[in-house]
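To keep things simple, chains are lettered A, B and C as they appear, and every chain counts its residues starting from 1.
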Amino acid sequence: MIPSLLLIPAVGGVLAYFVRRAGPRRALLVLAAVAHAGMTAATWRVEPAPAWGGWLELDALGRMFLTITSALFLAAALYGVAYLREEGHGERRDVEEGFLFDNAPEATFTACLLLFLAAMTLVTVSQGFGLLWVAVEATTLASAPLIYFHRHHRSLEATWKYLLICSVGIALALLGNFFLAVAASGHGGASVRLVLPDLIARAPGLRIVWLKAAFLLFLVGYGTKMGLAPLHTWLPDAHSEAPSVVSALLSGALLNCALLGIVRVQQVCAAAGQAAFGQGLLVGFGLLSMAVAAVFILGQADYKRMLAYSSVEHMGILTLGIGLGGGGTFGGMLHAVNHSFTKAMMFLVAGNILTRYRSKSTEEVRGVLRALPASGMLWAIGLFAITGSPPFGPFLSELTILKAALDQGRAGVAIAYLILLAVIFVGMATAILGMAQGVPRDARMTARAREPLLRVVPAAALAAVVLLLGVYIPPAVRTALEDAARALG
Amino acid sequence: MSGGSVLPLLLALGLAPLLLGVINRTKAAVAGRVGPPLLQPYHDLRKLMAKGAVYSRTTSWVFRAGPVIGLAAVVVAAALVPLGAPALVAFPGDLLLFVYLLALARFSTVIAALDTGSSFEGMGASREVTFSTLAEPALLLALAAIARKTGSLSLSTMLPHVTVGVWAQAAPPLALVALALLVVFLAENGRIPVDDPATHLELTMIHEVMVLDHGGPDLACILYGSALKLWLFGALLIGLALPVHSGHRWLDAGAPALGMLLLAVLTGLVESSMARLRLLSVPRLLVGAGVLSVLALLLVLR
Amino acid sequence: MITVSGWADTVLVCIVLTSFVLLGSSRLGACIRVVAFQGVLLGFLTLAARQDDPSLRAPILALVSTGLKGVAFPWLLFRALRDANVRREVEPFVGYGLSMLIGTSFLAGSLWLAGRLPLPSPTISPLVVPVALFTMLVGLFLIVSRRKALTQVLGYLVLENAIYAFGVGLVEGTPMVVELGVLLDLFVAVFVMGIAVFHINREFDHIDADRLSALRDWAG
């Protein structure tokens, strides 16, 4: 089952590059997405067998992240078909500066999307640290052409920054891999394989200095990919210049994959009794990310950049949760799930707004509720979801993290957390509500345009999931998250 | 304090101008010319000593004292350097005295040049001092690396202790030191790629322009002093690179002397095959030599 | 005769020298060749490290990595450089002499830091960890202090070289597939970066990364 999970998107990607006509190619994209989602759903019923001698195995945490990735990709694929139909071909005029530009060939785009899915799947099923590294680097390389879909100088700049910063970060993670190998090397002879179950089993025998150094490098390396401040500088640029479909996948699925890298090494540290070392660092990075995001969200003029900084904030929140330990870890992992669905929905809706209004500015866009009723409603709902209002999912996870902070008596952390959440709420609410309400500046837009079904339904489905998670967490999900929380100490 | 042999000093005093002759002859041979006779520098010295000197009215006693002080400093430094046999004067720390005596010689030349008030000579002085600022750390650190490796601070015990065994054990740092010393050798003696000794254009000169106004016996002192300086740096390099310690006095002295002549031939070949570096690139070369010395020192310190 | 440690020591010292040459060199073509030579030196290091391994793993790995780093990468980068048609000079933010002095401080720092990390098993040479750390710092410094996008790619390659040297020197048991996967990733990364540099030049008429500054939060 695991090999098929990997092969479906990989083969689909290679095939999509060679299919000439747009119709069959888009059908291939949706077909691959549906097949992948189907197989992922099957893994919840039937435990998949480990493949390749234990290097590929789907544990509870991996299955959780795989499901998120697969669901988001399905939504993105459906949305993407409508997007490509409308915007894929021909010359376009840039919305910010007004010049003409081309888009990348659709075949490249579709192929890279599917290869991106394959790489992310590989991240979730890897149990070996070396393989995990290869997979994360592969996600960087597969997603770079996706960011450069609109061929102009700003997206090129964003792509270059993304490539370079993430590659350097991931190179540091490779050094972390080697440090981990040294930590696991046996005293004269048998070393431990760098596979998660083996490492956890032999954890007390690992060399502590090297393990700590490895954790540090993993945190900095994969943290760059995840968007933790101060290593997040590529994130706003990449998310604002990429097409909304790609931004949804980057924020919703890719950041989680990078998180998985950090979580795996923290599992090893916890098994070796060094959980406390990492937790302090994680709390620090978490609060710093929230603070940086708060500063840049206030008065942000570009709504896609605002959503990108919101991703930084939420990555900070869940890092803080994991760093607090105990109930906080459960809250952090739940928040990963909630944030993925919410942010992906927001980006898809933002794509609709951009197509209609042809402007990225929070000042210029007005009256979305009138011009695009369905998208406008989702946009407003999304605001409340992403800032942590009940009855949506993020409220529960953020509350759990707050409770963990208070339970541990860390009043300072809790107060800073609440203040930053409030600041971000104010910043985002003024922007998003301002966009949703009012009357569109251009009178022609009041005529309610027909919104393509495929552009609204995926986002609405994601919103429904977020609402559901706020009210009721399915037992299977709860068990998986609790297992993960326990493994992290 | 003493207890060495007078042989290295005699060899230095006698054979130093021969090095210049060998270098010039090599360059001529590579260029397809016959070139001046090997003993030409001796003839030049004799000719200069017989001449009278003319002193400009703008100079003072400093100008007259400069060449003499310079020569005296270099001759005393020659008493410190071993070549095949321990030097005449040897004590712990004499490598510092060696470096500073050469610095004194350089200082006296520079001061005499500035004393003339000529802009050309001032330009040459400033270039000379800039390059020496970068070359001296390279030299000192290289000597420090050898001192650390052999465990002594006296040139006469340091260099003979670098045997074939020491080379086999610590080849990388010693190779780096030899390379650094070669660059310093070329820089301090005004050889290509740092300075062109055969140039006629004052704007491109460094060493030659400082001594433009000297004549007669003063120029003879300067010429002989620079030949001695060339010999001394070469002796350092050969003492490091040619570990011959058989015990026979004449073999021990003769082999390094032969090595010096080979070094002169090598210098001639280097000068014939390279062009002079841009003046702005010379600091990079000297910092590179310094870095080699630092690397060698760090490797030895480990 | 010279022991394994002697050979490895010499190769590592040569790697340090190549890093210094990179810090002080002003010509892009020379920089690309020096990075390629560094890759070849790493191939030698792989052979020296696995001398007592009878299987064919080490020679194959050394051959693949030498081929990639010594032949494929320079070819890709020279192609990008030729298509870019810019002045083939490095144009640094930090001058060459100062860069070399900073490199010296990196070297001293790495030697000190490596002394603090207790080495587990007998490695091929006690110089491996300091040289790897030093080369890593040089790679990061090159990325930060040089203007052109191509030199940023070279800095990234030097960083990867350093990490590879660390892996070869210290780690015994990585499966060959993973090591080949790492090399493949590196190849694709350089390939993609080369294409990006080509696009940057086509778009902007230069490859100065510091002029890529249109995307920012505060105007001005």
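Keep this in mind: contacts are C-beta pairs under 8 Å (C-beta built on N, C-alpha and C of every residue); 3 or more make two chains touch, one makes a residue touch a chain.
Fair warning: this is a prediction, and the values are worked out from it, not measured in the lab.
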One chain's C-alpha mean falls closest to the whole-protein C-alpha mean, and that chain is C
If we define chain centres by averaging CA atoms, which chain lands farthest from subunit C? Would you check? B
Please work out the Cα centroid separation of subunit A and subunit C, and write it as a whole number of Å. 31
With chain centres taken as the means of their Cα atoms, state the distance from subunit B to subunit C in Å. 38
Centroid spacing, where centroids are CA-atom means, of subunit A and subunit B in whole angstrom: 66
For subunit B, residue numbers touching 2 or more other chains are none
Subunit B partner, complex, touching residues on subunit C are 2, 6, 9-10, 13, 16-17, 20, 24, 96-97, 100-101, 103-104, 107-108, 111, 126-127
Taking the complex as given, what residues does subunit A use to touch subunit C? 128, 130-131, 133-134, 137-138, 140-141, 144-145, 148, 151-154, 156-161, 163-164, 167-168, 171, 174-175, 178, 181-182, 185, 187-188, 191, 193-194, 207, 209-210, 213, 236-237, 240-241, 296, 300, 305
So in the complex, which bits of subunit B are touching subunit C? 168, 171-172, 176, 283-284, 287-288, 290-292, 294-295, 298-299, 302
Residue ranges of subunit C touching subunit A (in the complex, touch as defined): 117-118, 120-121, 136, 140, 143, 149, 152, 156, 159-160, 163, 166-167, 170-175, 178, 181-182, 184-185, 188-189, 192-193, 196, 199-200, 203-204, 209, 212-215, 217
